[in-house]
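Below, each structure is written out as C-alpha cells.
Below are two complexes that have chain A in common, paired first with chain B and then with chain C.
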Partner chain A sequence: MRTGHAVETYPRLLALTTNPVTWAWVAVLLIGLVALPWVVSGHLLVVSTSILIAAVGVVGLNVLTGTTGLISLGQSGFLAIGGYACGLLIKEVGLPAEAAIPLAGLITGTLSLLIGIPSLRLKGLYLAITTLAASLIITHIILYAEPLTGGPFGLRIPDVSFVGLRISDPVGMYFTALIVAVLVALFVNNLMRARSGRAWIALRDHDIAAKSMGINLVSYKLLAFFVSSSIVGLSGALMAMQLRFITSDVFGLFLSIEALAMLLVGGVGSVAGAILGAAFIVLLPEIARNLLEVFGWSGDGSSTHVFEIRAVLTGVIIIVMLRIEPDGLIGLWRKVKRYWLQWPLPI
Partner chain B sequence: MKLLKLAVLATVLGGAATAETPGVTDSTITLGAVLPMSGPASIPGLGSAAGSRVAIEEVNAKGGINGRKVQMLIEDDGYVPSRAYQGLVKLMDDGIFALVGTSGAASLVAMLPLIDEKELPTMVTTSVSRAAVEPLRPYVYMVGADYEDMFYAQIKYISEHDKPEGPYAVIRQDDDYGALVEAGVMMAVEKLGLPSVPPVRFKRGQKDFAAEILRLRTQKIGALAVGGVIAETPAVMKELAKLRMNIPTANPHTGAIGMTLRLAAPFGMTYYAADYVTPIDSDGAKTFRELSAQFLSEEETKSLNRFSLAAYLGTKAVLAAAEMCGDDLTQACVSAKLKTIDNLDSGGLSAPLDFTNDKNTAARSVQVFAVNPMEGTVVPVTDFVSYR
Partner chain C sequence: MDYFLNLVASGLIFGAIYGLIAIGFAVIYKTTGVVNFAQGEVMMFVLYFAWMVGAWVDAPLWQLLLIAVVVGMIFGALLERLFIRPMIGQSQFAIIMTTVGVAIILRGLVPLFWGVESEPLDSPIKSALFEFGPVLMLGDQIFALAFFIAISLAVWVFFRFSRIGVAMRAAAHDETAALLMGINVRRLQGLSWMIASAVSGVAGVCYALTVSRAADMWQIGFQAFPATILGGLDAPLGSAFGSIVVGVTASLSEGYIGYGLKEISGFVIIIAVLMLRPYGLFGEKELERV
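Take a look at the complex of A and B:
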C-alpha cells in the first residue's frame, strides 16, 4: 500500500497521476459509465446525461472561479451563447454536430473576451456583478435578435448525429455528453499541470507576487476567461442538443447560481470536486424524492406540501453539507483517503 | 366456428394492444403532469393539479373509464425547462397514458421533442403557447384563447364602453408572452382605428414602473394594457394611483386571481381583465366548486384558481376521448377522438369545448371582467365571444 508521495523527475511531477491504482480506478469508473445505459432506467439515464452536461459547465467555471479566483455569475449567458451558436451552426449553416459543438465552444470563448477585457481591472464581487450584467445583456440580445435566434419564440434544433450517435436517442445523447465530459476533464487536468495552470493559481493566491515573478496578468486572465467560457459554451451546446428546442428562458439566471453552488459543494479549485458537485446537485431532487418516499410521501399530487418540502429539503442538504465540510465533497474525499492511508495513526 | 375464432383473435389482439399501451392496465389508467409545484411559480402548478384531480375523481366516482379507475402522477419542474424534460422522461418510465399538465411555455417547448417522438396525447392548459399547435400535431391539444384575443377583447370593450380620448398604450414584458400581448393591442388599434403610442417593453421580473408610467403620462394616454404576469398588475396600479391617472387598463387573466386582487387592493384602482374561463368565484363555476368540495382535501381546495378550471376542462376532454375509445384504448385512438370533440359541455366554465378547428384548440372565446380589488369582486361584463 502506498503511504507517501515523492517524485524525482519533472515528467513525473507533470503526470496526471503517478499511482497505477488511480488509473485502475479511473478505468473501473469509465467502464461503469459506459455500461450505465444498460443498467439504469430512461429517467436515470437522462439525469446522468444532465450530470455530465452540468459537470462540463462547472469544470469550465472552475477554471475561472476556482483556479484563477475570478468570480463569475455570467455562466447562464455563456451557456446561452454556446447553445444558440451550436443550434444555429447546425440549423442555419448545416454543419455536422462534430464541428458545431467545438465551434460553439470557440465562439463562446471569443465572445467572452468582450466581457473579459473590460473586466480586467475588476475582481471579487465587482467582477461577479459585471459578469451577471453581461449575462443579462446576452439574453437580451438573444431575445431581440429575432430573425437570427427566433427571439422569444425560440430555436428548434434538428435531430443530428454525433460520431454516429443520434442525439434524439437518450443513449446517443448520453454518450455524446460522456465523450465531451471526458475530453474536457482530461484537457483541464492537463492544463492545470502546465504553465498556464500554475500561473492561474499564482494570480489567484497573490496577483502582485505573481506579476513580480514574471506572470503576465492580462494575458493569463484573458486566457482563463477564454478557456473557461469555451468549456461553458460546450456545456451550453450539449444542453441545446439534449433539449432540441431552446429559448432564452432555458438559460435563466438560476443556472449561474446553481453552477456556483455546484462548485462550492464539490470543492473550489478541483476538477474532481467540480464533477462531484455537479453530480450531487443534479441528483439532490432525486435524493430528496427517495427520502420522502421512504416516509410514504410520493408525488401523486394528493398533498400540495410534498413538493415544497422536497425543495426545502434540497436547500437544507446543501447547507448541512457545507457546514459539515466547507472544502466540499472533494475535501471530504481527501479526509477519508488520508484516514485510510494513515490508519491506525490519527490524521 | 369461424366467427368464434375471429372473436377469440380480436380479444387476444385487443388485449395485446392494451397490454402494450403505456399507462393502461386492466383496472387503471395513469395520466401524467409536469407542473411547477414548488417555488414562486407554484400558483399555476398547484391550481392545475387540483383542477385535473377534480376531473379524475369525478370520472372515478361514476365508475371510471369503461371500468378502469383513473390516477395521476405529477412531476415538479420548479419552472425550469431542463427539469421539465427530466420530469417527462420519469413519467414515461413510470408509464403514463397521456400528459394533462405541461408547466410554462419554456418547459413545454423543452418537452415537445419527446412528446413528438412518442406521439404522446398531450393537453396544454397551464400556459397557452403557439409552439404547442404550430406546427399542428395530431396528438397535442390545447385549452385556451390566444393572449392576442384576450387583449383585443379588452381594448375593444374599453373603446366601446369607456371611450377614452387619449391614445392607447401597452407596457409589456420582453418575452414571447409580452410579444403576443402587444400583438393583441396593436390588432385592436389597427382594426378599430384607435390612436396609440409606441409600446413600452420591460425586463421580465421588473417590479417598479415609476419611470415608465411617468413617461406614459407625459404622452397623455387614455388607456393602458399591462402585459405582465401577476405582480406587475398591482405594481402598475400603484403608479397610476400615485399619479392620479384614472384610466381604464386591460390586464391578463392573472389580473383576476385572488393574489393579484389582494396585492392591488391598497391602491384603490379598478381595472379590466379577460379570460377564456369564467371567474372561479362566479355563478358559472358553482358546480365546479361543489365538485371540488366533494373530491379535494382542504389543503388542495385552497390552491384552486383559474388554472384549475382550464386543467379541469382539458383533463375532462382527455377522459371523454378515452371513454369514446371503449375497449380500443390506445394513445392513437385518444388523439384521434380528441380531434372529433365538438360542443363538449364545459358546465358554464368556458365556451363549449371544440377541438375540430385548425389549431386543435378549444375554449378560444373570451370573456371580459370588471375587477374591483377593494371589494374583491370579478364580474363578467361580456359573454364568451370568439374573435377567430
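Take a look at the complex of A and C:
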C-alpha cells in the first residue's frame, strides 16, 4: 500500500512523474488514442478531433489563467490570430503545414506581448476585461482588413498535408491534432516542473513574496503571455485547418467563455484537468442530444429548439459541476484515487 | 455642426441604455464583489417576461415599467438565492463562471419560449417629436434619457443617504466589521441583486422602446462592460458617467471614422484609460498590505 508521497532528492522532485506506473498508463492512453480511428469513424472521429484541438487551446489558457493566475477572456482573439496566421501562411506564402502551424503559434505569441505589456499593471477582473477588449479589437481588425484576410468573405484554406497526412481526410486531421496535442502536453508538463512553471505558481500565489524571492515579475508574466498565447495560436491554426474556411465570426466571444468553462470544469491549474475539461464540454452537446433522444425528443420533430435546449443543458451542467465539485473533474479523479489507495481506511 | 450635435444626441441615448445596465453591474459588484456576466441576459429575460405579463393585462407603458420592476426584483432575488448564495465561500472565479452559466441558460430559454423574431414595442409616446435647435429627438428617446437620469440620481441618493444604502457601502468596505455592527450582509447582497435586476428591467423596456426586442439583445450587456470599467466597477454613478462617454464616443467614431467602430470604440477607450488609472476613473484604489 502506498502510504505517502515523500520525495528525497531534487532530481526526483523535478522528475515528470515519480511513479513508473504512470508511464505505463500514459502508454496505454497513447495506444488507445492512436488506435481510435480504427474503432470509431464519421461524426465521432470529427468530435474527437475537436476535443484534441480544444484541449490544446485550454492547456494554453491554463498556463496563463490556471498557473499564473492572470484571468484571460482573450482566448478567441488569440485563436483568431493563430487561425488566420496559419491560413495566410499556407495560402499566400505557400509554406508547408509543418512550418505554418508552429509559425502561427509563434506569431500569436509575439502579438500577444502587445496585449501583455499594457496588462502588466492590471489585476483580476480589470485584466479580464482588457483581454476581452483586445480580443474584440483583434476580430474587428480581421473583419476590416479585407485585402489581407478576406474580411466578411472569409478565408479558405487549401488542402495541404501535414507530415503526409491530408487535412481534408478526417483521419489525417485527427492525427495532425493528436501529434500537436501530445507535443503540447509534454512541453507544458515539462515547463511546469522547471524554473518557469514554479515561478508562475509562486507569482500566482503571492506576487509580492515571489518578487522578494528574486522572481522577475515583468519577464515571467510576459513569458506566461507568450507561451500561453503561442499554444492557443496552435489551437487556432488547427481549428482553421479542420474547418478549412474561417471568418471572424468563427472566433466569437463565446469561445473565450467556453474555454474558461472547460478549464474550470476540468480543474484549474493542471494539464490533465484542462484536457479532461475540454473533452467534457465538447462532448456535452453530444450527451445532451442523446439524452433528449432517450426522452423521445428526436432531432427532427422539433429541430428548431434542439439548439436552445442544448445551450440550456450546457449552462445547467456548468453550474452543477461548479456546485458539487469546485476542484473540477481532476479533483474528482484525485478523490476517487485516494479513496482507492486508502481503502479500507476513510479518506 | 448639426451633424456633430445629432451624433452626440444619438450617442447620449445609447449611452443612457448602456448606463442603466452599467448601474446594474456596479450595484452588484459594489456590494458582493461579483461581476454579473448575465446582466444583459437578465435584462432580456425580465423584459420578455414583463412584456408577456403586460400583454395579458393590456398594460400601457407606465404599467409595463412597473411590471418590469416587479418582475426584475423577483427574478433578481431568485437568481441570488438559487445560484449565487450557495456559492459563497468559493473562489471569485467560480462565482463569476456561475453567472456565465446563468447567462448561457437564459440565452437559450428566451428563444425557446418567445421565438427569435424581433418585435418593436409600440406606444403613443413614440410619435412625439422634440426639437432642440438642429437636433431632433423622438419621445421614446427622451423617455430613455429621462429614466437614465432619474435612476442615476436615485441610485446616488440611495447609496449616499438611505440607511440601507449606507449599510451596503459598509458591507462592501469591510464585510466582517459590517457583520459585527449588526448588518445582515447576506440580505443586503440579495437586495443588490434585486435592485440591479429591476434597473436592468427598466433598461430592457427603454431598449425595446427605442429599438425593438430581439433574442440577441443580451449583447448590449457586453457594450455596457467598457462603460462600467471606465467609471470604475465599484462606482454606480461613475458607471453611469462612463456609459455616456462610451455612448457618445461610439456614435462619433462611427459617424466620422468608419462603420463598425461603434462596437469596439468603448473597448479602445478602456484600454487607454486603464493604462493610466488601473481602477477606472472613479473606482477606489485597492491598497495592498503585506
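The rule we apply is simple: the second predicted complex is superposed on the first by the 337 of 347 C-alpha atoms of A that agree within 3 Å, B and C clash if a C-alpha of one lies under 4 Å from a C-alpha of the other, contacts with A are read in each partner's own complex, and residues count from 1 in each chain.
Operating definition for what follows: a residue touches a chain if its C-beta (ideal position, glycine included) is under 8 Å from a C-beta of that chain, and two chains touch if they have at least 3 such contacts.
Since the structure is predicted, the reported quantities are computational estimates derived from the model, not experimental observations.
In this overlay on chain A, chain B clashes with chain C. Once chain A of one complex is fitted onto chain A of the other, the partner contacts of A:10 are absent, as it touches neither chain B nor chain C.
Look at A:250: by the touch rule set out above, it reaches chain B but stays clear of chain C. In the superposed pair of complexes, A:208 makes contact with chain C only, with no contact to chain B.
Using the contact criterion defined above for the overlaid structures, shared-chain residue A:46 touches chain B, although it does not reach chain C. Of the two partner chains placed around the shared chain by superposition, chain B and chain C are both touched by A:311.
In the superposed pair of complexes, A:38 makes contact with neither chain B nor chain C.
With both structures placed on the common chain, the touch criterion links A:343 to neither chain B nor chain C.
With both structures placed on the common chain, the touch criterion links A:123 to chain C but leaves chain B unconnected.
By the touch criterion defined above, A:295 lies against neither chain B nor chain C after alignment on the C-alpha atoms of chain A. Among the options 94-102, 112-120 or 166-174, the segment of chain C that ends up inside chain B in the superposed model is 112-120. The interface of chain A with chain B overlaps its interface with chain C at residues 136, 140, 143-144, 305, 308, 310-311. Those residues of chain C that touch chain A in the complex are listed here as 35, 37, 83, 86-87, 90-94, 97-98, 100-105, 107-109, 111-112, 222, 225-226, 229, 233, 258, 260, 263-264, 267-268, 270-271, 274-275, 278-280, 288, 290. The touching residues of chain A, when paired with chain B in their complex, are 41-43, 46-47, 50, 136, 140, 143-144, 151-154, 159, 168, 170, 239, 242-245, 247-250, 252, 254, 285, 299-305, 307-308, 310-311.
The residues of chain B lying in touch with chain A in their complex are 33, 37-39, 42, 46, 49-50, 52-53, 71-76, 78, 80-83, 85-86, 89-90, 92-93, 104-106, 109-110, 112-113, 117, 130-131, 174-179, 203, 297, 299-300, 302-303.
The touching residues of chain A, when paired with chain C in their complex, are 71, 118, 121-126, 129-130, 132-134, 136-137, 140, 143-144, 208-209, 253, 257, 260-261, 264, 268, 305, 308-312, 314-316, 318-319, 322-323, 326.
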